[in-house]
Amino acid sequence: MDRIGVGLIGTGYMGKCHALAWNAVRSVFGDVPAPRLVHLAEADQALAERQASAFGFEKATDDWRKLIADPEVDIVSVTTPNRFHAEMAITALEAGKHVWCEKPMAPALADAERMAEAARRSGRLAALGYNYIQNPMMRQIAKLLKEDRIGTVNHVRIEMDEDFMADGEAPYSWRNEKTTGYGALDDFAVHPLSLLQTLLGNPSRVMCDMARPYPERPDGKGGRKAVENHDVANVLFRIGDGISGTLQVNRAAWGRKGRIALQIYGSKGSILYDQERLNEMQLYLADDKAGEQGFRTIFAAPQHPPYDKFIPAPGHGLGFNELKIIECRQILGKLKGEDTLLIDFDHGLAIERAVHAMARSFESGKWERVE
Amino acid sequence: MDRIGVGLIGTGYMGKCHALAWNAVRSVFGDVPAPRLVHLAEADQALAERQASAFGFEKATDDWRKLIADPEVDIVSVTTPNRFHAEMAITALEAGKHVWCEKPMAPALADAERMAEAARRSGRLAALGYNYIQNPMMRQIAKLLKEDRIGTVNHVRIEMDEDFMADGEAPYSWRNEKTTGYGALDDFAVHPLSLLQTLLGNPSRVMCDMARPYPERPDGKGGRKAVENHDVANVLFRIGDGISGTLQVNRAAWGRKGRIALQIYGSKGSILYDQERLNEMQLYLADDKAGEQGFRTIFAAPQHPPYDKFIPAPGHGLGFNELKIIECRQILGKLKGEDTLLIDFDHGLAIERAVHAMARSFESGKWERVE
Amino acid sequence: MDRIGVGLIGTGYMGKCHALAWNAVRSVFGDVPAPRLVHLAEADQALAERQASAFGFEKATDDWRKLIADPEVDIVSVTTPNRFHAEMAITALEAGKHVWCEKPMAPALADAERMAEAARRSGRLAALGYNYIQNPMMRQIAKLLKEDRIGTVNHVRIEMDEDFMADGEAPYSWRNEKTTGYGALDDFAVHPLSLLQTLLGNPSRVMCDMARPYPERPDGKGGRKAVENHDVANVLFRIGDGISGTLQVNRAAWGRKGRIALQIYGSKGSILYDQERLNEMQLYLADDKAGEQGFRTIFAAPQHPPYDKFIPAPGHGLGFNELKIIECRQILGKLKGEDTLLIDFDHGLAIERAVHAMARSFESGKWERVE
Amino acid sequence: MDRIGVGLIGTGYMGKCHALAWNAVRSVFGDVPAPRLVHLAEADQALAERQASAFGFEKATDDWRKLIADPEVDIVSVTTPNRFHAEMAITALEAGKHVWCEKPMAPALADAERMAEAARRSGRLAALGYNYIQNPMMRQIAKLLKEDRIGTVNHVRIEMDEDFMADGEAPYSWRNEKTTGYGALDDFAVHPLSLLQTLLGNPSRVMCDMARPYPERPDGKGGRKAVENHDVANVLFRIGDGISGTLQVNRAAWGRKGRIALQIYGSKGSILYDQERLNEMQLYLADDKAGEQGFRTIFAAPQHPPYDKFIPAPGHGLGFNELKIIECRQILGKLKGEDTLLIDFDHGLAIERAVHAMARSFESGKWERVE
């Protein structure tokens, strides 16, 4: 496998995260060639050049189409705002480039469908940046499920909460506008859904309520303006016939900083996880000795690959950004023909469909099927 | 206030709990006369006499009507299985006795309504044994809400989970029969609802899903038998216009022993509580200094009355049974004319109505109003 | 076994605790006769009568010698300040009464020795109120050790911390006087030592440092007064040849409310416990499956006797005061000839000797043997 | 400031950690030029070349002296086993190179002293790899102390525990040999001491006990061999006149994975920290409102620089390896003349002196001064 040529569009937080991953993946894993950081695109040329220098890219442009057209670019990291994903990803795929696009796919379901179609047609790698699934603890959970350690799963709960919208007196912003999406459902729900998909499968039907903790916000001109979307969503769902579940997302939950709290109940045990403590998980095994049963707090360790590629000792902890390095290694592995863990555009589309079914259910007041 | 004469019907766990409370209330609080433990009723005379001796009651009977008729009995503790509550409580109220009845009121809504009506007609004290609300930490939460410490509440989540039904190979029992009720909804949901009522108000509308982790169980004769009710219930609800909420109850959740996990989100902060650690709560205040914000773990202390009546030092912990002593003191206070915290039959009826609305919603697949 | 006649001297917090225990022990356990609460002594007659009424004692006196002389009194609960223990306990033992005395035995080692001698001579039950050892979780720990679940113990750490002396501007009080003892060493160290003795054995040698967080305190007259004893003690110790250990006690540790944190390390696992969460313990077993190892949080449950005598369901929690009821049952069991868990005066003397050895070590600056 | 030329000696875990940091520092922080990874040295040429390729270094050698002599190398990362540190660091300093050396300095105090002397003479930057102090949470603790948020510190406890030596049947290895040092004291104690130095100051006197959980281990030939050093050390210490403290280190503590548990008690509050959860700390403020006091769990956030350089949102978590990137930025900052946080050879020497005083105290059985 030769060195792959990388193009990066967008250099906000996720763009930086991609850049750090492309830079580190070779040193961390050792078994893949170092990527070549070929081309970086930003909104204006000066910024593009500054960021290319900071992140170690060779060329800089203010025209992302040029980047895609660059023959030295083999794969394009798309990390721009959601509304640009569809056009950029499809253009890249049609130009024969691989694509690594941040989630969610697109605000409109039709755009997400076009992306998936373009990916299928192109035959290129088209992966989404759902890096929570790359956490070694999440893979350990998947392993426990596969090994039947907690038996047949019958119930699951997942919550995602942060507090960046919790201040009701913070002024009205683009985040409160309907055009940016449903609110917490787009911002947050896709993450828990990516975990559910990886661990248990996609919801087959959903029932959703949404709420506005602050129906109005200051408009910045002394008045108040009605908020158009919802900071809170509460969802009942089923996965197939056997699993009942609930999903709650809230971006206005004071005190929650990066919470994704997962509870999985099976016929022989249970599993708990909270993203705010991403280096640990809890496991309850019903067949532990009587009087000695309890949830075990398991810290990330070399026994949970690929933690061992980062640190040879247990309990030292990976960071959120390092999950992106693992995801990057999956991308490179996929290109080598390995069977790696990634959410491609087709699987991403299933997540988007669930989100839109939730929104429909809120309107209809009844259960909706996820197509 | 003279010494009150107590009759106790039923001596299972809750009966014992009542007996312990009647025995201890005077010594713990000091400001009420010692109750007289007059009469105890059980299913057969020998057992009644044994228990009367164990719990310090003067007389024993196998006929609960005799106990109610006993002129020395002023108040009747009803701690028998749910299906007997209505007849016993109504008989006692009609005989002019006060009643302290364990929750829930009755499997059938019509019976609960008759109980509430009898209570109203009688003018006697008719209280339900919802002792979770008596926890000093729960009162501290109520105080924080009243003092507007976390601002206007806009979202609440409450979960109740245990694992006594989690073994799918445990044989079919009366608990799996429809005649005993909906399952987790009767067994568990009433407790969270009692906390919600006390802290925030009753749900106005509900949307409910129910599930059977184990659709069949061994019938004890080598075959399997279909389970008739549900060990899991998941509920979306609203309290008035302003609060969205969720309720999950699961009596088949491996590893959960006595969990009632509460999350309350307001405009200025948040509150967390878990019954498995009943002597602590967590508080997040948004106006704490930047960089120093976090959930505080607050241990029960003399600042949280009536903890101080039990222990003069903080952090030493009350037990679950001791909450019943506090409830008992509320009963005696009410009889003295104090304004005490109790869920009377009318307020209990609101809880039962919410449960039945949930069951209706599960059938209809849509939102149902709580009348 | 007939009903035992109880005398209670002292009605502060521990006196109330004894009274509650004597009142409840029969109802909780069922297998012992109800004690007769015969006689109560307090400093003045009016108080004695009030408390006798509150706690259900038949007679009241302001002369504790009369109580001891009362032929209806079989056992005397001594719950007065430490400096009175020796005289009262010895008088009672010499009068042929059983004694249940609160810890520690006495400020002066010579007095503790006289108490132990009197107990041996009398042949009566002479037990100390070390109720932390009665916690079902502590018994579970003892069971795990006995069953070799964590192998041979090689290291132990124990800390006891509260914050009632943490305010350096709180005025000088009797607690700061040398005549009341060494400070944290008497107040606190005896508790961890009682746990060590029960679980692992007595320290054989000790090395101690003591410290004064606040060398002076306001004297209440506008000046400041030098503090005479120490709020902090730090101790290295050995138990026999095989176990190294540390003990820290601090009664000026802000934020600590009732902490007794225990860590026990063995050749096959580890055990953790914290008194602030007295209904749980943690267990690590080295032979759990690789990748699944972690400390288990075990909640108190009916599998941990005598929790089952209080509550038939796991995870509901006992209170600190209820440990005294368990201790009371041990007393009654001992009198019936059962082999119960109690720290008698001889074993209590070993604890006091360790404390005094610690104080000597602080003076000498080197290791001291515990005789 | 020009691009600095980096030489790396040693490519074990710490070598990899340095390489990752040198690679990432520019992209993460943006305000320093990208280092040039010039030269890498390993024990044999083939390995050196493999690692140079993996970590992105231009040249590879099996002769570390050549690397030091390379005029393109400005700074040398020394990450070899401890016994090589002195010779390599001194050679580099004498060649006019800056040095970034992993801790501890050297097994023999005399060697550490020679290193410090060489650093003073050279006038070059000579920093040690104590990266735990770089954790944003640790800097937040330092800030809280500086701002007097918990008042005057009077007591501190620190524990460091792992379990890689906890299996007593693991065969005898070089780690059990006296020539490699005292055992847990060298392996572990230097880390807590680096935190103490940064936050509170160096111990002025110490009293130490050491223990061998497993006095013998299998020799791999069917027999057993006596262990020469100690897996456990327990220490009493004082910092100046005002602070009493304890230190415990144990590399045979089952269940502990990367624990460094810190407790700091002051006159107005307390601080807790545990390295196993490196993205959080706990703070207790005595002047919080009565009834609302408790330890706050504070998650790492952009308010805790330089967390913000990695992630713009709170609660997402840094990894252990990322602390090395922060340390690397300190190195580069120092070279730019910034006042950065680093433990240089002089301050490192103070840590080594404390360790050796502890070992002396264990021999003497009494307090020893740290020179």
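Per-chain residue numbering starts at 1, and chain names A, B, C and D are given in the order in which the chains are listed.
Keep this in mind: contacts are C-beta pairs under 8 Å (C-beta built on N, C-alpha and C of every residue); 3 or more make two chains touch, one makes a residue touch a chain.
Given the structure is predicted, the values throughout are model-derived calculations rather than measurements.
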{"item": "From the options B-D, B-C or C-D, the pair that copies A-C, where over half of the contact pairs coincide", "value": "B-D"}
{"item": "Chain pair, A-D or B-D, that carries the greater number of C-beta contacts", "value": "A-D"}
{"item": "Distance between chain centroids, defined by C-alpha means - chain A, chain D (Å)", "value": "34"}
{"item": "Inter-centroid spacing, chain B versus chain A (mean Cα positions, whole Å)", "value": "41"}
{"item": "Geometric centre distance via CA averages, chain D-chain B, whole Å", "value": "53"}
{"item": "Multi-partner residues of chain B (each touching 2 or more other chains)", "value": "256, 293-295, 299, 301"}
{"item": "Pairwise touch network: line, ring, star, complete, or other", "value": "complete"}
{"item": "Interfacial residue positions of chain A with respect to chain B in the complex", "value": "150, 154-155, 157, 159, 163, 166-168, 207, 209, 211, 213-214, 232, 234, 236, 238, 244-246, 248, 250, 252-256, 263, 265-270, 284, 286, 293-295, 365-367"}
{"item": "Interface residues, chain A side, partner chain C - complex", "value": "140, 143-144, 149, 280, 282-283, 288, 290-299, 301, 303-304"}
{"item": "Residue ranges of chain C touching chain B (in the complex, touch as defined)", "value": "13, 16, 19-20, 23-24, 26-28, 30, 34, 54-56, 162, 164, 256-259, 276-279, 299, 301, 310-322"}
